[in-house]
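Below, chain A partners chain B and then partners chain C, in two separate complexes.
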Partner chain A sequence: MTMQDTATSTWTGKTVPRKEDDRLLKAQGEFGDDTPIAHLGHVVFVRSPYAHARILDIDVSAAESLPGYLGCLLPDEVDVLTDGFMELQPAPADAEVDKCLAAGGKVRFVGEPVVAVAGTSRQAARDVAATVVVDYEPLPHVVDARRAVEPEAPQVHDEIGSNVAWDGVYDWGDIDAALKSADHVIEVDELHFHRFSSTPLECSVVTVSYDAGIDTFNLIGGCAMPQITTLMMAAAMRHPAEKIRIVSKDFGGSFGVKIGMYVPATAVALLSRKLGRPMRWTETRTEHHWMGGHGNERWFHNVKMAVTSEGRVLGLSYDALDDVGAYTRYEPLGAVIWTQVANACYQLQHLKVHYRSIYTNKGPVHPNRGYSRLQHMWLVERMMDIAAHRLGFDPVQFRLQNYVQPEQYPYETVNGCVYDSGNLPLSLEKALDLIEYDDARRLQRESAGTGKRIGIGIGSTLDSGTNNFGQARLINQFLPFSGNTEGGLVRMGVDGSVYTVTGGVAFGQGHETTVAQVVADMLGLTPDEIITHRGSDSALSAQTGFSGSYASQFAVTGIGAILNATRKLVREIQLVAASILGATPEEIVLEGGHALVLGDPERALPFAAVAGIVHFSPADLPAEVADEVGLVGRAVYRAPFEIPDLERKRGNLTLTYASQIHACVLEIDEETGEVKILRYGMVDDCGTPINPMIIQGQVHGATVHGISAALFEHFAYDDDGQLLAANFYDYHAATALDLPSLRYDSVVSPSPFTPIGAKGMGEGGGAPLHAIAAAIQDAVGGDGGVVLESFNPPERILGLLNGGTESTVRVLR
Partner chain B sequence: MTQPQDEMLPISVTVDGRLETGQVSSRTLLVHWLRDDLDKRGPKIGCDTGNCGACTIRWDGLLVKSCMVLAAQADDTRVETAASLAHDDGSLNDLQACFKEHHGLQCGYCTSGMLMTATDLLESGEEITEHSVRRGLKGNICRCTGYENIVRAVRAAAGHDVEKPHGAAEEVAS
Partner chain C sequence: MILPPLRYLRPGSVGDAVHWLTHIDGAIVLAGGQTLVNALKLDLVAPTALVDIHRLDELRSIAVSPDRTLTIGAATTYAALAASTDVRLTAPSVASMAAGLVDRQVRNRGTIGGNVCLNDPTNNFPPLLVALGARFTVLGPEGTRTIDADDFFVGTMTTALGNGELLVSIEIPPLPRGARLVHRHLQVGADSWAMARAVVRIDDDNGVVVASRVVVGAVLGSPQRLRLVERALVGLPTGGDLDGAAAEAFDRESIETVGDVHCSADYRRQMSKVQLRRALRDLAKGTPS
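Showing the complex of A and B:
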């Protein structure tokens, strides 16, 4: 079947319109809150108004007389019914107790659920929630990770003894020697990567029907990581995982952050069982901003970079404080995930990072598009830019010279990761063409003295995909994780129609379409003829433990599993057709809905006949064929990984590295500090494409998330620990009018390590954050301040124009 | 806390060309009545504050966010949701077909609202330019597409010759 596996086939690699679109365009999709359920109860959480407080008393008595009141769930009940959710960090922070309602008699962030109430309607549930009285004793709180590590700081989790969730040093190469001997050393006291999230337009929705007859929880709602969610819930509720079924249908975005849904889902499940009725929780926008998952906020201190006189960057060192908020829900995996891209795009030889994950009284962080890697890559890219400006190197040449070069692939990083393929210089060249670089420089010169300043910036970044879960052992040697798999299932129904289901859970990435493309090629059908399962269903046996959509992997793992599953089905069809047509299985080819004998197309069996014989007339088949064939191909794809070297913190942590090189031209109004993006170019390289249109769409989406984060979006907290952006007024997600038209180009460097040369993509690596910071720096010029923040609203730009960061940025040599 | 007393009001509304009647509480939002009582899946809820536009419908010909209207206010009016846009035989109308061709949707959650806003813009008689489309859509948030392909789809529906999705040109040639 090798011929049918290649990317030169009829459908794979082509821009094919999406199978998902018709239902979504006709308002016939089924999102979390759409599913009609009889006898449905609605859940509302009563949440903490304090950043940190002791719960003195909870009074729900007023609720009991309200019409439509069904019941409630209290922290004391949760304490009895559940164990704390599984924690990933080692001692002492493994003492953290995280439950679906505030644990240990305390609340730890504004918006933390304290009581769950149920009513017969949305309104009834809200009315009930409004009557619940919780008596709090406010406690001192901490919302700044830099303060949280001070000895006298308030403790978020009393049982741990400090606010440090994880603490470790990564030391590859010999940065001390490099800093001692390098011609140039740049030192920066502090840089800051701010808090934001992709804030999917559909907030979380969880519907749980507990079926008492079979003691099973049936969940419906977008779930990005179904088996891990099942495991978290099963362990906490002491309930068999196989008696928890999770079904996702249409899914209005996750971008990583919905990985934390197991927490509220547990409360909804407990209420459904307690009240004997299906229950739905429809998260509000404000709830989502409080607790739906923020991206990691990170402080970088004592940053030092060593550079030679010819402009070669040797390496860098820094101390990181990663603010994970009040609970470690996927954390502290962020403490190791960034090391997938330790080198960023560059030939670094030395890197030393002291990394600490810090609890604060803020909403918990969850993985968010570009998870943990974009923070590190922003830092490296920012330092590259600062070094170029301060040492007088041309920013384009400086990057070109330090990029990993095309002939160096596969390229091993300082920590043993293997960059599979790429062509960064060509990508940069194309990105500069997209923004008409020379012309942009001309515009910049002409703008001098007009009150507007023009800046040009480059963002170089990688999108590492397909995790080796063995990296979890680098943060806790006892975690029983390694490698990575995904599942897929392809079957032929009783009439010969073909049905596929993948372990991945799409929320807009077009998995139904790309699956249909590759399966169509292998079966000799068209994508229209392939019936693709919408969403996911844990009861369909397509999933593995790692199944889901996160960490840029579907094109490798999801498609790999579907290819393997289809291969099994093809083999079965060949066996059946061969025995009926009197040929060998190897002589059977699949074309136009028939199994036919190669070179003798008269001898053919339609798929309907193949299915009819297997399903209804097995006596027509030789026993050994009938015994083997069920017309269900179920397979896994296993990514080829080994367990990392825990001692030296080395190993191959991800299989593929897509790259994104962005370039932008922006204009700053000197009077207002307003930024206007004039031109924006993106060059993507994610190996062999499966559907170029879908890739381009992912690049657009990731780009706008990054632009919006750099200029508009900030989950800021005030001194009282109140979130200042708990709705879309205060959290400005970019609109169409805020954005320039986007210019796209691509480079194709097939991955040598994956089934069809494709690489995972979609997260994008946060390139706009790098490019915009660099462009602002370019516009501000040598007489102004240095861009040390990833978030640059107008007031900060005005500050930069006035200078003032000199003392914190030093060229030592 | 006193027990809320909800006045129940009878309403009859023509929704997507069909007369629908019901009893609603005086504080029920139109979006909730359409979704919960009629299973109309066009209007979606993406915020609590009228910012996102996912719930956009036409109300007696006027473009509105249905989370900003009480169901009781809709008595004796006409409501059109995105479910009314396709042709009677179920095929996509021009605008929908342009969204599909130009990949103007990913998760699809904003799509119904976008379609209603774009329909209104295209019928408004306003000159269609890239800028007027961006301005027209600014009350609708999309978190997936970056708007680029939505803007292209709307312009294509207005008859503009816009760039095709990456890789599509080769398809046409082959």
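Showing the complex of A and C:
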């Protein structure tokens, strides 16, 4: 489908106020905890206070006499009632057993659910939970992935035989030769990307009503990937997928992390069936911090980069230890997802990575905004910067020269991914304009000797969107996944009104608005006239297996499906109108709520009449039209992918590459290490815009999240395996007071591969983490230390000003 | 339940409040609740009854006496302090501290009495009130007594308040002519916890420091007066190298700090010194903060 398929472009590409804001601003949204349900029971989990311990005994007898106690679910019951959740990793780590309550008689991280108790109110359930006595025998634990790979390390999963969940080598080009022959080689012993997450405004809420009469689980709750969730639950509970219905209404953010909700949802479902009542679990913020999903923490070791004397980067190699926490869940997909952006923004020719996913006694990781690509791109961007500083190249020129150039698109990366379009040099130029680069350099010079140092940093990054699920086979050749699809449904009601529902799930991205814009254009209506389904519902036939919102794809897959579905409805309207108006279907155009004959606007049928005839007077229609037309368009969008070459680990793994080039000017206080961001510029290129205002909103959100992660957010654990930031007292998410005013600009490089040239862009590639690290480095200058961490609180920056990390960074040549 | 079963009591007078605090075992004061409610939620405290004083008008007054002594009711909110012309004119540091405290929500509920009775080491007011030489008026079963700031703050999270005692008001004497005070802090982000805090006051008579109060917060046993630094400053010309003298004396002080998720103990200690020196430099420049 191309742009021409939309009859006109009256709405697509325009800033249109968001349809959903009216109800949200009037507090008429319906979030997880809002839905009233009769006879509702409430679930509270009793959780592990230990990082690693054997469960000796569980005593719930004190609960039984408490008012409001309904019942409970114990690990032994779960063992009988369910199989372990599907594991994605191959042997030997596929021996991992993951259940909704601590499996195999032990707990593996602080906050792991051990018992689920139910009460007539949330308060009653809490009181009950407080009386449950679990007797633990603490076991030695491991919280550092570097320790976890040592031979004597405690085993997180005894049945696997090591803490390695996945181990593989990617080797594209010939980095060994490049390192041998290159004019310059830079080596860094260790860099570290820290653990943080998104902090959705709404924590998880899951309500399950088991309908015994039809043996069906009805689940309401924010679910980012409904059919995969269904599959996970169905397989674990040995229950038909079509007897699990998942409904999401308004949904206060996921950012990927809520993909893990099938775990607690299974416990809630089992309790609902066991106790014969609907059950709701409302996650607290602390529970969310413990296991709501952390982003991947990654160690990079033996990093080597080869550079020519003219400043051309040939490639790099490194060993990665990815700390996935206590369970793999969506992992070890992270072990391949990063390869979507193997080249980052650069014309690398050689890349070799030994990647291992490592279990530790910490909260499990989940996909989190920028999932797995962010870590690799931070590493590459950091190395670019270290190389520029160490070899004396200008950081702007050095990047410009190594960027994939505009005329090189579609650009094939070292591993066969195809960067669809972009203009990185122009984006960088605009980003530098936003921060008034020359003036910033002047400020920097003038700051010398004032006790403040000014640094300027660039963050170049990509947001790869629309996965080829065939990449899953690169981590486990037996996984039966490939390609990608999304569904959509558009129908005309009995009065001619138009209703749409997509397989995607919205949690703040404005899907209702963008869907209404493109459908309005195709039907000749206004967005206000399009009724968009709030949230998602697996019973509405709009979904495919991959449906959902993750991996920056809705603008491609969700919109693609809705365009295809609308096209089917348009065809049906044309058939009906043509037969009534005595024209051919091709002569019928849709305008202002009418189907009319092209060039003869007098011959027109209002949509209400089209609907009326189809729904109530089919005898008016020729039989062959009446037999065919139901005024429902249901369609799938299929992303054009092939199965990757498993042998060479090559193939196109994502369809689109939005780019974000950020530039930042910050000031460091020499005595305290405090950072103040003085100017911040963001340039986003996500192809053809559908709604520029929504794009800007997403860019702002991703930027704020990245700034916050770089300076404040850290899921630190202490040596005992206790999470040190288990609530917002200790986990500081940036507020408006912490932020500069953000300056925005855009570049439009339409994707040649997508329905309307748009690209997914919601995740953002974490550019602030790169830009801030680079700016800190720039401020610290040549005599100080090297920024080797993605997280830089004041104390660490002060350490950099005092030098220190020298010996771990070497220029070999 | 989020809260364990407990009684909620709303006294009609300060006398009633003290009566309940004295006679109900395990009863404690609820003021703005900005700390207490969170502590209850996290099971850190287990009172049997909450005596809610925040609506007692007797505890919410702000008054200035003819000698310019400012008397603030214990249940006065930060927002009320920041908005009060009397406070701004007689004790501008109190007004500016209140205005910059955390966020609007906390400022609208949190009280100066709660702030000092809690005496969390990171809290804003204890070091300031020590530097100002405030006096605390307390009503208890035995009647009223007045406690000097130096004696009121006993140690980390502890004060001189005894069983059944209620802080009624805080008296801030006028600064002597020529006295100047500066407070400085380093916190997590723009509005979160303090990593270091310093308040410095010097009383200047004819260009010479005749008295000084130097107080650090965010250390173990906060607020801590640095007596060696104070002594080092006295007698110096106010235009002299106060900063250098203080830095030298600081290193001889025994200051204990702890580390947490935001920074190490060592950094905290180092930053106390930095904040102290900054405060002194501000004083030298004549910029009150």
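Methods note: the second predicted complex is superposed on the first by the 806 of 813 C-alpha atoms of A that agree within 3 Å, B and C clash if a C-alpha of one lies under 4 Å from a C-alpha of the other, contacts with A are read in each partner's own complex, and residues count from 1 in each chain.
Criterion: a contact is a pair of C-beta atoms (placed from the backbone, for glycine too) under 8 Å apart; a residue touches a chain by one contact, two chains touch by 3 or more.
Computed from a predicted model, the values in this text were never measured in an experiment.
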(message) By the touch definition at the top of the document, which applies to A:716: first (chain B), second (chain C), both, or neither?
(response) second
(message) Looking at A:793 after the superposition, I want to know if it touches chain B, chain C, both of them or none. Which is it: first, second, both, neither?
(response) second
(request) Applying the touch criterion given at the start, work out whether A:674 contacts chain B, chain C, both or neither, answering first, second, both or neither. (result) second
(request) Report for A:735: first if it touches chain B alone, second if chain C alone, otherwise both or neither. (result) both
(message) According to the stated criteria, A:131 is in contact with first (chain B), second (chain C), both, or neither; which is it?
(response) first
(request) Pick one for A:123: touches chain B only (first), chain C only (second), both, or neither. (result) both
(request) Spot which of chain B and chain C makes contact with more residues of chain A, would you? (result) B
(message) So in the superposed three-chain picture, is A:778 touching just chain B, just chain C, both, or none of them (first/second/both/neither)?
(response) neither
(request) Kindly list the residues of chain A that each of chain B and chain C touches, one partner per complex. (result) 123, 127, 729, 735, 737-738
(message) If we count contacts the way the header does, which residues on chain C are in touch with chain A in the complex?
(response) 1-2, 38, 103, 186, 188-193, 195, 260-264, 267, 271, 274, 278
(message) Give the list of chain A residues in touch with chain C in this complex.
(response) 123, 126-127, 671-672, 674, 711-712, 714, 716, 724-725, 729-730, 732, 734-735, 737-738, 793-795, 798
(request) Note which residues of chain A are touching chain B in the complex, please. (result) 14-15, 17-18, 20-22, 24-31, 33-34, 36, 62, 65-67, 122-123, 127, 130-131, 198-203, 250-253, 255, 282, 284-286, 507-510, 689, 691-697, 700-705, 727-729, 733, 735-739, 741-742, 744, 746
(message) List the residues on chain B that touch chain A in their complex, please.
(response) 1, 3-4, 6, 25, 27-28, 32, 35-36, 39-42, 44-49, 51-52, 54, 81-83, 85-86, 90, 92, 96, 99-101, 103, 105-112, 115, 130, 133-135, 137-151, 165-168, 170-171
